[in-house]
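In the two complexes below, chain A is the common chain; its partner is chain B in one and chain C in the other.
Moving on to the complex of A and B:
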């Protein structure tokens, strides 16, 4: 079995959200439903010296979707078995025929991955654009990033290429769900 | 991602079976025409295992909205409906990078299929500006326009007819504004305009240094720089072709990037090694101080200055100018007794003296270095000084004409040249006003002359022959929203005795549309043919293919202007027998005459794009002048780089139009006594989620980038304002109420409202959406007569 994962180059993310909207377009998502999300983290203040301002503002953005975790909390907590992890590539999916829209997965996922669709009363989420991968294309978000700051592939390959970091400031501890992501941390996210 | 990895993923070959299985798990509603249909969702959910063979067609296209990116869009079309968009997927290389769409491009379906699109022609029934209309037919609309246009021309003459500056959906080679001017030209003439709302000050001021606006290099050369300074430049949000990509590539090779901006822009966050916050309108204080450091520490390039420049010190001044007027004289304070030291500048611009000193040394001693100016800081009261200051820094450090350097200034460069549809010759000659002064020309056109920037007045005539009476505002929102001082503009437009005819073509009921007498529904770029190119630096052209049929009763401007031309009896002269598609083909053939590599129409259709490779290919502005000065003069009066401009000197207005760039304390700047009443400076910025005012009503983009005002924690605390609260922002020109984002990503003393929100006054005239132009001034800059929209003082209180 191959496990798919995402690489997030946190250093170059500028918060443009092209990934978010490319994902919405691909999946026809209403406002409020975002399979991929970008968070701003900004800290710091100015020191006022004489009449000048010396800034110490530390800002970075983090783009995150479903991390198709090794131990997905959403799957564990799903009472119907709708939320499941696919054998062949480890992609976490919702079986719409089983989902009753109870939202337990939302409570359990520390990353905000599962996204409830009011119109159909069921849970929805990132499916890794497996249809596009099937056609030899990038997932919508990966192909969208103007900074080429997103990548995907078998997680083993990603780790060989980019390292093992998956804990950065602002994200929950990776020990909870073992997310299949690799991050090049922004200098302010370390 | 590397090819091998791709191959590996493909080799795992997700079977058709697993694809079908996935499809049963698909959760997304299918959207047709932008409206989610629940039936469709149920159908799809139940359709497990019965996926229909797709008859999807993919057409590449490009928006011709006034966007800096002009990216490649691939429209996935099923049964005549665009069901998905993707972007450039060709091999991604340094020489030929993919032209990936940004957030705006990815959101186009919500634009094209927005249910609020104007669907049929309308005629005003209420008072002008009220927004009350009744439906009419295209024939009635054309009849009315033709009649009124003829009446006003008979009464006031052809110079009363004006096509307002508009770039919203005006197209690229077939601009709507140009095409109405062609009709005017064929029926007696018109009042034209010069300048733009984007770049008036830099396009006017840059040539005083270099003789041209073509001062940009190809972006691949940024990797050869040692230091890149982005001064008021935010390409991550504005998009300038793929500037952000090339800055990233440079950074990856170890080039240091410094961003100077009152805001820690997304560019500063994503690309800068160092962000230097500065007060708006005080850039030149910092520039003067950098020059002080470079001059007093003798870090300037003496050989370069001696050989190529005029006006540096008293030894190389033009004739007929008294002592003490050179750059060195000014910087050292020979005449005014004020040395422009970093300590002097710190008090004005709030940048620490040591930061100025350090940057000046880094810039002067790490050659080659590139100082790129954005266009934001030139849209201030004395924006011409910012432009000239940057060019002088580049010149005295010898960073002009060399690979890895950058001449600064406007930064235009065009590797790909397209050919626009000719608009004919104006029988009134080149009679133009600065585009920013059109409201003045409605009220007092017959008093406006050379001092107001009017050009092309016939011999013996000192002022315009007429006020503006007929306005065609085609596919743009500068009729009110993007022009300064909305309240003042509205008052002028409401007076039906001033402008007697206002024709607007639009896609939505924008603030400008509400002021129409006749309002015409425009189609979108997805429904018409055109060719798109990027803002400078332009490395590519994209065929903007028609992807779907006109929606509702909408038409392209060219289509209905052809109807108008027919009514006026000039159809043949207007169309020259050509449809929009014919003009696109004509344009391609014309471009091919100048550039044999330009693709044929069929090739263009197939590849979608014409992109010039930067492999072994670099264009560097003024390279010839520097390598071989004997045979290549600068196009200035002296033939040299003019640090001191005799032409500016001769204008005899040294306080506002100095002959060397200087810090000029700005009205409504931090030194204006008005700060007692309105203590905060207000600037705008080009927000990632809008292209100027286009997409303000796009719900996906509003979610991704809500309309909020940025305010520093200190300023908020003083006013007991909390994050997310609605605030009143006001000055003598008007009031805005909007939510606030409390963030230290903006320098204390300054607030920022992203430009382009649709002006939405309530009963009391208070804008409820957050349009910065409710608060901006119509006072033009002195030299260019350009818009000063980042020069404002305001106060903010809890709403």
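Moving on to the complex of A and C:
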């Protein structure tokens, strides 16, 4: 079994949110429903020194969707079995025929991956754009990033290419769900 | 806070469990002092079964697509939410069976009552664990168990006592109220211990939103205070009734104590669900 994963270069990410918009466009998502989200992490302030103001502001952005985790807490918690991990590529999907819309997965996921759709009363989430991948295209978010800060592929290959970091400032501990992501950490995120 | 259905569910089910255990505990006393136990126990057992069904119906309003509700037991053994649903179903079935058999057979079955109560105790464990295993800051603490069992012990006995009150007289009702008072003290003590431990605990942040229980609780500190005032007022009312040596029991006070406990436990649960909102 190949396990798909994302590479996130938050040294490059400038927080433009093109990935979020491309994802919303591709999946036709309502306001408030975001399969991919960009989290801003800012610290510091302007400080008065003699007759000048100096700043020590540090900011970096982390683009996160579903991390298609090795031990997905959403799958373990789902009472219906609607939330499941696909055998062939480890992609975590919601079976809409089974979902009861209890939102329990939201309380279980550390990353805010599951996104509730009020209209259909069921849970929705990032499906890794498996339809686009089947056609040989990139997932919408990866294709849209103007900074080339996102990549995807089999997680083993991503780890060989980019390393093994997935614990950075602002993210919950990877030990909870073993997310299938690799991050090139921003200097302020280490 | 949008979790009103779950609030109703998680107040009514533990209250029904506590009430049925209290009925089991007091039925011997009642049998000794009053002749017709069936007549006295029939309505309370029936009302408790109905209340637990209302609790379950309430939980359906939490679901976005209730037509798939039966699927929610598929995860039994894996998902604590499924375990909770199965255990709740078992408790309600047994509560209905106990009430039904009492009415049809005209016989009290204390063992069935006890089994129903014990299944209810397991159900409350599943209910609390379903929250304790999530990533929600503040839920993954022992306090969650204390909050849910606290409801069973504080609200359950006064609920049962209020249902027994109309058909009991003199010493019998006095005894029932005394026991309800004693159990309510345990129920409130359990919640105070949980709350005290919770105050000395910094839960690990396990979500990307980084929200902490302490931050979410800030706007509700007044509400938490009011909740304890109401709960203690209910307890004081029960204390007054228990110590009252006059023969004429003020029934209005019993119902007032019940209302106080319902309000206090409702507010307690409201604050609990603020953490997950």
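Rule of thumb we're sticking to: the second predicted complex is superposed on the first by the 190 of 190 C-alpha atoms of A that agree within 3 Å, B and C clash if a C-alpha of one lies under 4 Å from a C-alpha of the other, contacts with A are read in each partner's own complex, and residues count from 1 in each chain.
As a convention for this text, contacts are C-beta pairs under 8 Å (C-beta built on N, C-alpha and C of every residue); 3 or more make two chains touch, one makes a residue touch a chain.
Since this is a predicted model, take the numbers as computed values, not measurements.
Participant: Contacts for A:55 in the overlay, against chain B (first) and chain C (second): which applies, first, second, both or neither?
Facilitator: In the superposition, A:55 touches chain B alone.
Participant: When both complexes are superposed, which of chain B and chain C contacts more residues belonging to chain A?
Facilitator: B
Participant: Taking the superposition as given, does A:185 touch the first partner, chain B, the second, chain C, both, or neither?
Facilitator: So A:185 meets neither chain B nor chain C here.
Participant: Scan A:173 for contacts with chain B and chain C and give back first, second, both or neither.
Facilitator: In the superposition, A:173 contacts chain C only.
Participant: Looking at the overlay, does A:8 come into contact with chain B only (first), chain C only (second), both, or neither?
Facilitator: Once the two structures are laid over each other on A, A:8 reaches no partner at all.
Participant: For A:79, select first, second, both or neither according to whether it touches chain B, chain C, the two together, or no partner.
Facilitator: Only chain C is touched by A:79; chain B is not.
Participant: After superposition on the shared chain, which partner residues are touched by A:145: those of chain B (first), chain C (second), both, or neither?
Facilitator: Touch partner of A:145: chain B, not chain C.
Participant: If we overlay the two complexes on their shared chain A, which of chain B and chain C does A:120 touch? Say first, second, both or neither.
Facilitator: A:120: touches chain B and chain C.
Participant: Quick one: is A:92 in contact with chain B, with chain C, with both, or with neither? Answer first, second, both or neither.
Facilitator: Once the two structures are laid over each other on A, A:92 reaches no partner at all.
Participant: Can you give me the overlap between the chain B contact set and the chain C contact set on chain A?
Facilitator: Residues 97, 120, 122-123 of chain A touch both chain B and chain C.
Participant: Quick check: in the complex, which residue numbers of chain A touch chain C?
Facilitator: 39, 64, 73, 76-82, 97-104, 107-112, 116, 118, 120-123, 170-173, 176
Participant: Residue numbers of chain C touching chain A in their complex, please.
Facilitator: Checking each residue of chain C against chain A gives 62-66, 68-69, 71-75, 78-82, 85, 130-131, 133-136, 139, 204-210, 276.
Participant: Spell out the residues on chain A that touch chain B in their complex, using ranges where they run on.
Facilitator: So the residues of chain A in touch with chain B come to 2, 12-18, 20-22, 24-32, 34, 42, 44-46, 49-55, 57, 59-61, 88-89, 93-97, 117, 119-120, 122-125, 127, 130-131, 133-134, 136-138, 140, 142-148, 151-154, 157.
Participant: Across the complex, what residues on chain B touch chain A?
Facilitator: Within the complex, chain B contacts chain A at residues 1, 5-6, 8-10, 12, 14, 18-19, 22-31, 36, 38, 41-42, 45, 48, 84-87, 89, 92, 100-103, 105-107, 109, 236-237, 242, 244-245, 248, 264, 266-267, 269-271, 275, 277, 346-347, 350-353, 355, 688-689, 699-705, 713-714, 743-745, 747-748.
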